[in-house]
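Each structure below appears as structure tokens.
In what comes next, chain A is part of two complexes: it sits with chain B in the first one and with chain C in the second one.
For the complex of A and B:
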């Protein structure tokens, strides 16, 4: 009985992986179909983040430090934050366009197929263009590692991986939470730009530069602090007001799982209110 | 007998809540403070049962609740009340399991990937429904015979005509050999040849695979060609659930005999028919099928006055439906 259950679970997992590979293959085919799009993204995305980083460099050179963070450490934070942003763009960006899906009745198709609706929502149009955001992220991160004399260890590599997964989940969960409101409002409101602004302002720089009330809000209510500030403070050994050290990366992963789970429940509740598009 | 029931709908209802909006800016502002919520019963307490291998047509005027009904039957909409069983299983509670066994085509939208060749969409579905390659090839071969799908399988969907796209959608819905096929206005906007091919295909899969088919349509040709059973919906309720022949007998149990005489003098009448209309030398007699046969009527009338030509008109399905909607 238990064996059969495990077998069934493994089969389901293999099925989802198989379909995911199929989606990724189709995404590549679509890129080949419209090659000029790639050129545009390849140029505009990196420029956006490199310019952003150049701004930090200027500020730090003027003032020496931001809240005890050196230039190299800031690059480290900025780089990792852009990497988790890129990952969230690849897997979860559809959350930004939920309004469109709701109003146009796009969920009809997902609901009549024998796979999870949330899975299909995120993976049917998997955005492999998001990879273009990864490049500036990795470059700035590596630069930050050198500048801040970051010492590598296996534990730290694991921590970085865990925090990246957690951070991606937190971002994805927040996109989904905001997007799900479309089920109730039935408007095509696109939250993408606002989300991007808020995320950029709070994750690309140390959270400690904001007033305490703001920090409290962004730690416990909307856990954006865990996307980059707390786990990276732990990695770099900077005092963030929390004393978890490397463990902060594990907490990031847990927070990510919780945010995504809550978002999933909220999404499923919203889906019951889905009214399709009349014809 | 029990497991012969493919679809069982019991006491199914769907309410929509709409906010009543008043006109103009002042109305809009008023609406911010006082929301006049209104409940619209799109479908109300519908019972319906469909046997395995049946083809039924659900028809009704625009906004009658057809689409809402079909969308609840396919698991797209969550019912406000009641339940839908497909092959004995509740679609709301076991969506993922039940939808493996149904195929859906919404004529006005597509499940195909717009940017890629048709074959890529089929390939994705092959993976989603876990169809092995042999079965997939075999299914495609069968469907190719009627629809000529292989001619267009390498064409990007965005370059297809509407007819080709609907054919593609129909094949996509049948790749996994579902036991129930739902078609929401499948022939809308199609030319005569494509409609013919589509109807032939639908009849064929029904005959060969015993696929149960539920279709909504405004096309009376679809109904005459495909269905024996007709469900008429209005104001969210089933107002007729009957055999196509029965409803004709019940709503319009008469025929019209049109007689062309050589001249327009002394047009005769007959006690078992009513002289509906006379236009020059052409007279129209309406008679009940039970009162007199057409042959007898012609014979008796031609005794009274010499005829040049005769024709018998039956009430068309469109007229019948128009009368039914008006009830």
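For the complex of A and C:
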């Protein structure tokens, strides 16, 4: 009896993996459909982050340093933050366009298919172009490693990986939470630009520069602080007000899992309340 | 003057349409407020803000924190005034073919798009700009103009910058006639505008060589110049000089717009059959 259950579960899993592979293949085909698009994304995403990084450089040159963070350390923070942004763009960007799916009635299509709704929502239009964000992120990160004299060790590599997974989950969870509001409001709002601007301000710079009330808010209520600030202070050995050291990366992963779980519950709750725009 | 009534009708329809989704309005206000307040904290932190002596006289590049905060609030206001939809509008109507019905109307299609954008922005004045100004005044500071005699100049340069901004958007949008999918190009334009126009980081924080390059490009004349006039950063001579360059850019982009739109609309005719 138990065996049959496990077999059934494995079968479903295999099916989902098959579908995922199909989706990724389709995503690649769709990229090729509009050639000018490839060129556009190849230029636009790197431009955004390289210029963004240049502005930080210019600002730091004017003001010396930001709250005790040197230029190299800021580059380190910036790089890792952009990498987690890129990963969240690949897997979770759909959360930004939820309103569009709800209002235009696209969402109904997901409901009629025999696959998990949330799975379909994120993987049907998997955004391969997010990879273009990765490149500037990795470049700035490596540059930051050199500038801040970062010493590598196996423990730190594991921490960085854990932290990246956690940070991607936190971002994804937050996008999903915001997007789910569209179920209730039926708003077409494109949260993308706003979310990105807020995320830029709070994850690309050290959180310690903001007033304590805001730090508290961004640590416990909306855990954006864990996306980059706390784990990276731990990695670089900077005092962040929280004395977790390298352990901060593990906490980031846990926070990420919690945020994603909460977002999932919220999404399912919203789905129950969902009424098709059509009728 | 009868032709203008037709455009006024498009304008009015768009205003009414803008009030359909009320949650969009709330959402926009909340998000923009968060961004504005975060930016204010950001600059306060950079200037080493001290609560005991609110507007200290730390000067960075000849700019006090007080002016910087005004700059941020006004930049948020401008970003609403300068939001355009024309590029997306062209793209979506080329893609779903509704451009052909747009072109059949007894109006110039770009006239329609401009009236729609103006209608949207008129609605946004009530939906976004007033709330932003009120919230900004309450929580950051009252964004008073440094010298009220500059008001006419500010208004003129605002209009010119609206023109430059709209023409740039339309020019990028017209790529859709040939490329069909211009999402990425719109993104390129958006990022260039965000980072090179001084809307987030004013140009005076950039090194001289870079700022000089930017002063030759049209982007700086969209945000930086009107805001400079507003906070009274530049001298009269400089302002007049910059406004001349702004006007030249408007003419250049206007010419480019006419040439490109002639060719592009001819092209779409061929596609239509």
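Remarks
By our rule, the second predicted complex is superposed on the first by the 270 of 279 C-alpha atoms of A that agree within 3 Å, B and C clash if a C-alpha of one lies under 4 Å from a C-alpha of the other, contacts with A are read in each partner's own complex, and residues count from 1 in each chain.
Keep in mind that, in the parts below, a contact is a pair of C-beta atoms (placed from the backbone, for glycine too) under 8 Å apart; a residue touches a chain by one contact, two chains touch by 3 or more.
Keep in mind the model is a prediction, meaning the values are calculated, not measured.
Overlaying the two complexes via chain A leaves chain B and chain C side by side, clear of any clash.
Legend: residue contacts after superposition of the two complexes on their common chain; A:67 is shown touching chain C, with no touch to chain B.
Of the two partner chains, chain C is the only one touched by A:201; chain B is not. Looking at the superposed arrangement, the partner reaching more residues of chain A, out of chain B and chain C, is C. In the superposition on chain A, no contact is made by A:7 with either chain B or chain C. In the superposition on chain A, A:48 contacts chain C only, with no contact to chain B. By the touch criterion defined above, A:108 reaches chain B but does not reach chain C.
The least CA distance from chain B to chain C in the superposed model is 9 Å. Counting contacts as defined above, chain A residues 33-34 meet chain B in one complex and chain C in the other. Residue ranges on chain C touching chain A, taken from their complex, read 21, 23-24, 27-28, 31-32, 34-35, 38-39, 41-42, 45-47, 60-61, 175, 179-185, 187-188, 190-192, 195-196, 200-201, 205-207, 210. For chain A in complex with chain C, the touching residues are 33-34, 36-37, 39-41, 43-45, 47-48, 51-52, 55, 58-59, 61-63, 66-67, 181, 185-189, 191, 193-194, 197-198, 201-202, 205, 209-211, 214.
The touching residues of chain B, when paired with chain A in their complex, are 16, 67, 71, 74-78, 95-97, 99-100, 102, 104, 106, 108-109, 111, 113, 115-116, 120, 123-124, 127-130, 156, 184-185. Touching chain B in their complex are the following residues of chain A: 15, 18-19, 22-23, 26, 29-30, 33-34, 105, 107-109, 111-116, 272, 274-276, 278-279.
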